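Before I ask anything, here is the structure I am working with.
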Amino acid sequence: MGNEGLRALLAAVQGGTMTTDEAMEKMKQFPFEDIDFAKIDHHRAVRQGYPEVIYGERKTPEQIRTITQRLLASQSNILVTRASLEAFEAVHGIAKDAVYNPLGRTITIKRFEVPIPSSTIVIVAAGTSDLYVVEEAYETATLLGNKVEKVIDVGVAGIHRLFGRLETIQKAKVVIVVAGMEGALASVIGGLVDKPVIAVPTSVGYGASFGGIAALLTMLNSCASGVSVVNIDNGFGAAYNASIINHL
Amino acid sequence: MGNEGLRALLAAVQGGTMTTDEAMEKMKQFPFEDIDFAKIDHHRAVRQGYPEVIYGERKTPEQIRTITQRLLASQSNILVTRASLEAFEAVHGIAKDAVYNPLGRTITIKRFEVPIPSSTIVIVAAGTSDLYVVEEAYETATLLGNKVEKVIDVGVAGIHRLFGRLETIQKAKVVIVVAGMEGALASVIGGLVDKPVIAVPTSVGYGASFGGIAALLTMLNSCASGVSVVNIDNGFGAAYNASIINHL
Amino acid sequence: MGNEGLRALLAAVQGGTMTTDEAMEKMKQFPFEDIDFAKIDHHRAVRQGYPEVIYGERKTPEQIRTITQRLLASQSNILVTRASLEAFEAVHGIAKDAVYNPLGRTITIKRFEVPIPSSTIVIVAAGTSDLYVVEEAYETATLLGNKVEKVIDVGVAGIHRLFGRLETIQKAKVVIVVAGMEGALASVIGGLVDKPVIAVPTSVGYGASFGGIAALLTMLNSCASGVSVVNIDNGFGAAYNASIINHL
Amino acid sequence: MGNEGLRALLAAVQGGTMTTDEAMEKMKQFPFEDIDFAKIDHHRAVRQGYPEVIYGERKTPEQIRTITQRLLASQSNILVTRASLEAFEAVHGIAKDAVYNPLGRTITIKRFEVPIPSSTIVIVAAGTSDLYVVEEAYETATLLGNKVEKVIDVGVAGIHRLFGRLETIQKAKVVIVVAGMEGALASVIGGLVDKPVIAVPTSVGYGASFGGIAALLTMLNSCASGVSVVNIDNGFGAAYNASIINHL
Amino acid sequence: MGNEGLRALLAAVQGGTMTTDEAMEKMKQFPFEDIDFAKIDHHRAVRQGYPEVIYGERKTPEQIRTITQRLLASQSNILVTRASLEAFEAVHGIAKDAVYNPLGRTITIKRFEVPIPSSTIVIVAAGTSDLYVVEEAYETATLLGNKVEKVIDVGVAGIHRLFGRLETIQKAKVVIVVAGMEGALASVIGGLVDKPVIAVPTSVGYGASFGGIAALLTMLNSCASGVSVVNIDNGFGAAYNASIINHL
Amino acid sequence: MGNEGLRALLAAVQGGTMTTDEAMEKMKQFPFEDIDFAKIDHHRAVRQGYPEVIYGERKTPEQIRTITQRLLASQSNILVTRASLEAFEAVHGIAKDAVYNPLGRTITIKRFEVPIPSSTIVIVAAGTSDLYVVEEAYETATLLGNKVEKVIDVGVAGIHRLFGRLETIQKAKVVIVVAGMEGALASVIGGLVDKPVIAVPTSVGYGASFGGIAALLTMLNSCASGVSVVNIDNGFGAAYNASIINHL
Amino acid sequence: MGNEGLRALLAAVQGGTMTTDEAMEKMKQFPFEDIDFAKIDHHRAVRQGYPEVIYGERKTPEQIRTITQRLLASQSNILVTRASLEAFEAVHGIAKDAVYNPLGRTITIKRFEVPIPSSTIVIVAAGTSDLYVVEEAYETATLLGNKVEKVIDVGVAGIHRLFGRLETIQKAKVVIVVAGMEGALASVIGGLVDKPVIAVPTSVGYGASFGGIAALLTMLNSCASGVSVVNIDNGFGAAYNASIINHL
Amino acid sequence: MGNEGLRALLAAVQGGTMTTDEAMEKMKQFPFEDIDFAKIDHHRAVRQGYPEVIYGERKTPEQIRTITQRLLASQSNILVTRASLEAFEAVHGIAKDAVYNPLGRTITIKRFEVPIPSSTIVIVAAGTSDLYVVEEAYETATLLGNKVEKVIDVGVAGIHRLFGRLETIQKAKVVIVVAGMEGALASVIGGLVDKPVIAVPTSVGYGASFGGIAALLTMLNSCASGVSVVNIDNGFGAAYNASIINHL
């Protein structure tokens, strides 16, 4: 639309039915987005199949189904995070290839292939109770086109378990560390690898864990230098970050 | 004193100059402390030479000197914590054997021998910036009659350094772990030893360490089971605890 | 396993089928854990029957049953904390000797005898509403092999009640103090005994108790020197600590 | 003034020089304060000599002197809280009978006698470091016309000291409890007396005392029923409250 | 009991069957509570009919009924706070004169008359949503033997409503101010009366009221001098305080 | 009423049946509100039809119906905020023209026309999950007599969407910005318009959004100068503010 | 520049030396800012003389002087906030008409007249210690072209003082309320006027005022509907807001 | 060393002077670190010249000089962060090529070349007051071997400034965003680039910015997906992260 209007205007100038001054004036009135859209979101357009993400929290199954339907038309894969089983059933009604991960609470629909780098993302988790975040990260990273490996239950209270899996972790291009309670795992791993470590505090814990604040602060204050942090329980965000890096 | 009064009263009853009812009545008026003092503080009396502790913060050098002078009369060793150099100089004027630890900010005066168990307390610290707490703990534990060993700069970001000193740590009867920033060291050590671990968060750090809160929360939420925690920067409290355990 | 591999390698060197250089190279590839496991976890192996602990929160009854089944095979007693009645029923299906403490929300399975020291752990609680933490601590300490005594409802607002039980408390080798609301009990007891006091703040209270923060801060700031603190409602952790000390 | 205007208006109505409607209209324009002042502040006027209070923080010595001078004209005693030595010197220049309490940081000028009830206010403090608040409370209560007694250094870590002074405390009509660190003293005293207890948390402490928050929360959550609380370090407010009660 | 033992001992000394030294020794072993009970709780005994209070939160109806039954035997009135309807029904089964206040969530059983002073307690509340706290305070104060008046819905956003009730408020001997949201009412009333004002923050509000913290801070920082504060939603504590003062 | 009493009193003075002194005395007893009501709330009376607002939280449907009924008698439109469907049904029983907005949880009854300025209020929201606040604001502003436009889903993560709607926003007389999560939208819009911007943080988000605190702090710290803030989720308050400004 | 480039491009199209397609392509490469600058900041350009604002905190006097010098060239008045005396002296060296307000810590340079509406902004402050914020607001509002009136020391603890100034306040078009401690003044005024009230919490207070948080929360939770809030101590922001509204 | 010992042991086995069992036993005694050091820190050794980092806070100039001297011997470049001018002077005394950045408070000594990728890191900052963090990040990234570009003063309140620099930002391989106050810049940039964005909250701001917490929360809650966060003011950590990614 914007482009059409612009083209028409240029044609008018070309055809002499509009002066350059008139054109200048008119262009100032042009709807902003139409001109700039391409430029700003250029990077998005180039990778066809790039998933659209729906944040499922506080949305009804019907709303999620409607949005999904609209997005399916636009050539993209789809990821719904924080999705209930009911939401999945609603989506499944219109997309038989939709897949539900009940632990990670994700719905994924893969319609297009995305390029997958040869390097891997490794997701390390302190305990089995952190799995709901691991799975959200796993589904996200996979749909975004990455090889992903999981290393679970290697919390620092039994540090030999971690060392047994160190080689796997050190081979990654990016490491996601998922931990609740005191979240010390991020610092330990940050000191053992020379790759970017993205730390995800989880809300696992009780008492003075304050729903993940303890782990969050631990990770922000990590004395290991290569650690950056995302929001509590934000497996999606960590995987998205990791995927960007893995595709560099 | 209280005991004298009580004895006199009993003698009066015995001698018939006071009825039992009168005695009952009088005893209700007895100064509370005199009767109970012995019982409550019995344990204190038995270990002659046990140090008296003066919390030096917010006290003037003169106040500290005065209190010290009074306490020296009562057969005890003396520990002043959070003491400035000025405070030390004031104390040194009246006690030439007073010793100042400028890093730990302690003044110690040792006049009496205390029994020293054969087992050791090991103080482990994450970084050299935590030394001011280590030294406070060291002076306290030493004056209380303990063999103390220090293991410094073994933070989790370079975990091999810790492993190089593991044998020393595992030989302790009690371990004090001192760490600021994210405080993860307590969890790691808690998982490696089967001795009581007393964790001291320090106020070392910046930004979201919030003056030691991050380390405090980390330690309280430790997924290792043998860890208990004292107040931020409370090297004295940790050593006091450790000494009680070491003397059991 | 790791040991077997290592022995085989040494034999090959001995037998001349492998050069020392080749052996050096191979040993660098050795799975870390296998070498170190024995050393690090040595202390665990020595006390057969030592319980395995399952943190029941966020685990389904099925998950808990499965883990329990696996652990029963490994010669250990079992403790499940934060266990629902449903979890107990699932476990009971496979272990008829499992015992449920509904107040403490623990499942215990005792298959092996553990040595019990002659000294006692005393658990002191401010109010009857703190009992859920007391019971968790009690079950934990008992299964870990300790004589445990409970002193309940001796909060500081009626301090004579506490004094009536003082002798019991002073005879303990370790004291666990459980208190919610303002948590002042820990300081008072800390001043009355010369044994290690492990304080557990509880989430009992309302308004500005903030789910246990008030009691936690009170205990961390205790002016009595022999007090250390564990996480809010962490009866298990307190008992674990106390047991380590009681077994020293 | 307001009263005069009102009387004049009524006289005009009475004299027939103003209609009731005109009077109604005029009364709506009456300055609010003039009518209500007497009523609202009536209680203040009745007690001549009642001190005027100047909050000295963030005020220059000159400002404090000026305000003092103005107030001295109005028949009242004067209390300056949070006053520096410089402020005192400025005030002393215009009022030779001004008295400075350097610990409590108060300036008092007593020009008029106020009635003093026969009952007493007792101020109890946990430690000598809380004295700056005790003194502010003492000066305030004294100037407001009260008999005040101080009981210092009876913190709960050595509870026998408190019991030795219990009789004094129990004789008070109102008790002010001043404590920092964990502030447990208020609960203990609240359980021992049946008089109103006003608790003042102090900012004495370190680490997780957070400038008095720990003591504040302790006091707000006191399990003893007769305790109410004022702001951190607010010795003035506690004494003001206590004085109102003591004069009932 | 304790007294009997003591009397027996004195008789033995009197009768010459026990030396004073033996008596001294024996007295140190005396159960603490028995001696001190009378002294410490003397004040309680004197006012027969004084209610026993049961904090109903986290207690089952059965527990509450059992405790009630036991207390009814001891000559006291009974107050259960935070009581559910189920708890009431359980209590009603054993005490037909039990009364339930569903808004204040209190159960009261009045068996004995208590003296009622001629002065009144006035409870002022900002809004109708604060009524649940008002009612808890009202029931408490009434059962403790007080004339109580309620002034509701006079929040500062429509301050003329407050002024319309000012005379009632100013006649009180003690004023309880109940307010949620921003809690400004306490300051305004504190400036209008010269009686003790006990402020109760409520958890009414949303967003940045943080469950009553906003009102709590407002009240603690009140610029009016006669205001002291109790815990959030603690209508019981405020009334208990007010009653102590009203009975002075 | 108050006016009638006052008029009667003036008539009595005029008629000589009351002295001015008697009148003075009586006037001091006048119910405060009656005199002042007109003056203070004058502004309210002038705009007949101005809605009465009922805060529906913590009120039963019956209470809401009763209050509504009473208010309908007083010539005003009615707005119930935070209303449940049950509340609506109760109100609908007595007012068939009541309208429910289930997303905004408002009940509105419009009986009287209010003047509507020609300028508009624009409500801008970052995401569709913020709609519940948008709708509350929309209903409030509309009932208060304003033209309102909504611009939804223009969060800063896709800033071109915002620019596409900029002209609409810049034409407003007042802008309400509704945003959760990080709340950055307020700053961006504050920098793009020269109209008052009222920012409403929402509780949308998870983890470290802390129920709206993150967005609240963002908005309070906005580096754009024309932004002021209301409470979390307070769509009503924002609209009320905006309406006052729009009617200036 | 951007405009020149655009005009040249249009001329090339007009002259036939560039096709419309080529032009379309080229325009996508255009530097963003050049096109949009005028549109976005149009509103700024129209009011010549509009002040440029320099936030003086963390800037050296030299930096402030340099920026000032540059800005003086651009036809604007200048306001420096949070300026030290040293900063003023540096600025005064290059602008003899610079004026310093030491209390408000502002430097103002007025070179151009700005239109002043006939309506007024009234700044109301609770206490004299809030004056530093009042003055910053006053200087800002004045330089932005407003009639400003100040009403000081009308805190709610002596509410009659406020009522004496009510008429002045009610005549304002916008009211700024400045208050520290408990900040209740905003609610009271919000209930008394029907104009926009912009509340500024100040950091005046101690203890649980937490550097202004108490007042901030009070204001955010105000039960009066017309109140919005700016950052703690942000007199500048409040005045900027008020000025925008006053110029509507 | 460790390797030598191990080789000797293998030789002994090979030579038959040690049985495999004896070798097994001995290996368990091996100093841990010696075996693992190479493996764990292998990645460090490979990049000769890699800087050693000294955290300068709480270290005396003498301590910093001593550490620097020791490290200079080990073939590495050196970075001191949080360094005072005094620290620099001490270091400069032993290393004439040391360079001080007074704004960033860094000392850098570059003795060895490190490989520099062709891609760039761009550091974007909201305001000039954030420069101290920008400079720390800049010095760190440069010494670690990166091309770094700075884009300053493009805060969201004047968003056209950001758009004018967008092309530069979009060309980066990694973007560091530095912002204080409300920290909204990270979200806006996160939505405009498809590269990893590392956000650094700064402590710039006042009032409710709480020393950087506001910006920290904003960044953690960013609705843009590619943003991860480091500690407040942690320019070093951000640059370290960015450098790892840039070298991938």
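Quick notes
By letter and in written order, the chains are A, B, C, D, E, F, G and H; residue numbering begins at 1 in each of them.
One rule holds for everything that comes next: contacts are C-beta pairs under 8 Å (C-beta built on N, C-alpha and C of every residue); 3 or more make two chains touch, one makes a residue touch a chain.
Values in this document were obtained by computation on a predicted structure and should not be read as measured data.
Shared contact partners of chain C and chain F are A, D, E, H. Traced through touching neighbours, the fewest hops from chain B to chain E number 1. One inter-chain figure worth recording: chain E and chain G are separated by 50 Å, centre to centre, where each centre is the mean of the chain's CA atoms. Distance between chain centres (mean CA atoms), chain B to chain H: 39 Å. Annotation for chain G: residues 32, 36, 40, 127, 158-159, 192, 207-209, 213, 216, 220-221, 225, 231-232 touch two or more other chains. Pairwise chain contacts in this structure: A-B, A-C, A-F, A-G, A-H, B-C, B-D, B-E, B-H, C-D, C-E, C-H, D-E, D-F, D-G, E-F, E-G, F-G, F-H, G-H.
Residues 3, 6-7, 10-11, 13-14, 16, 20, 23-24, 27-28, 32, 35-36, 38-39 of chain H are the ones touching chain C in the complex.
Taken in their complex, chain A has these residues touching chain C: 128-129, 158-161, 163-164, 166, 204, 206-209.
Listed in rising order, the residues of chain G touching chain E in the complex are 126-127, 155-159, 181-184, 187-188, 190-192, 205, 207-210, 213-215, 217-225. Looking at the complex, you find that chain F touches chain G at residues 40, 43-44, 53, 166, 170, 173, 192-196, 198, 216, 220-221, 225-232, 236-238, 240-241, 244-245, 248. Across the complex, chain H is touched by residues 31-34, 36-37, 40-41, 55, 57-59, 63, 201, 203, 212-213, 216, 231-234 of chain G.
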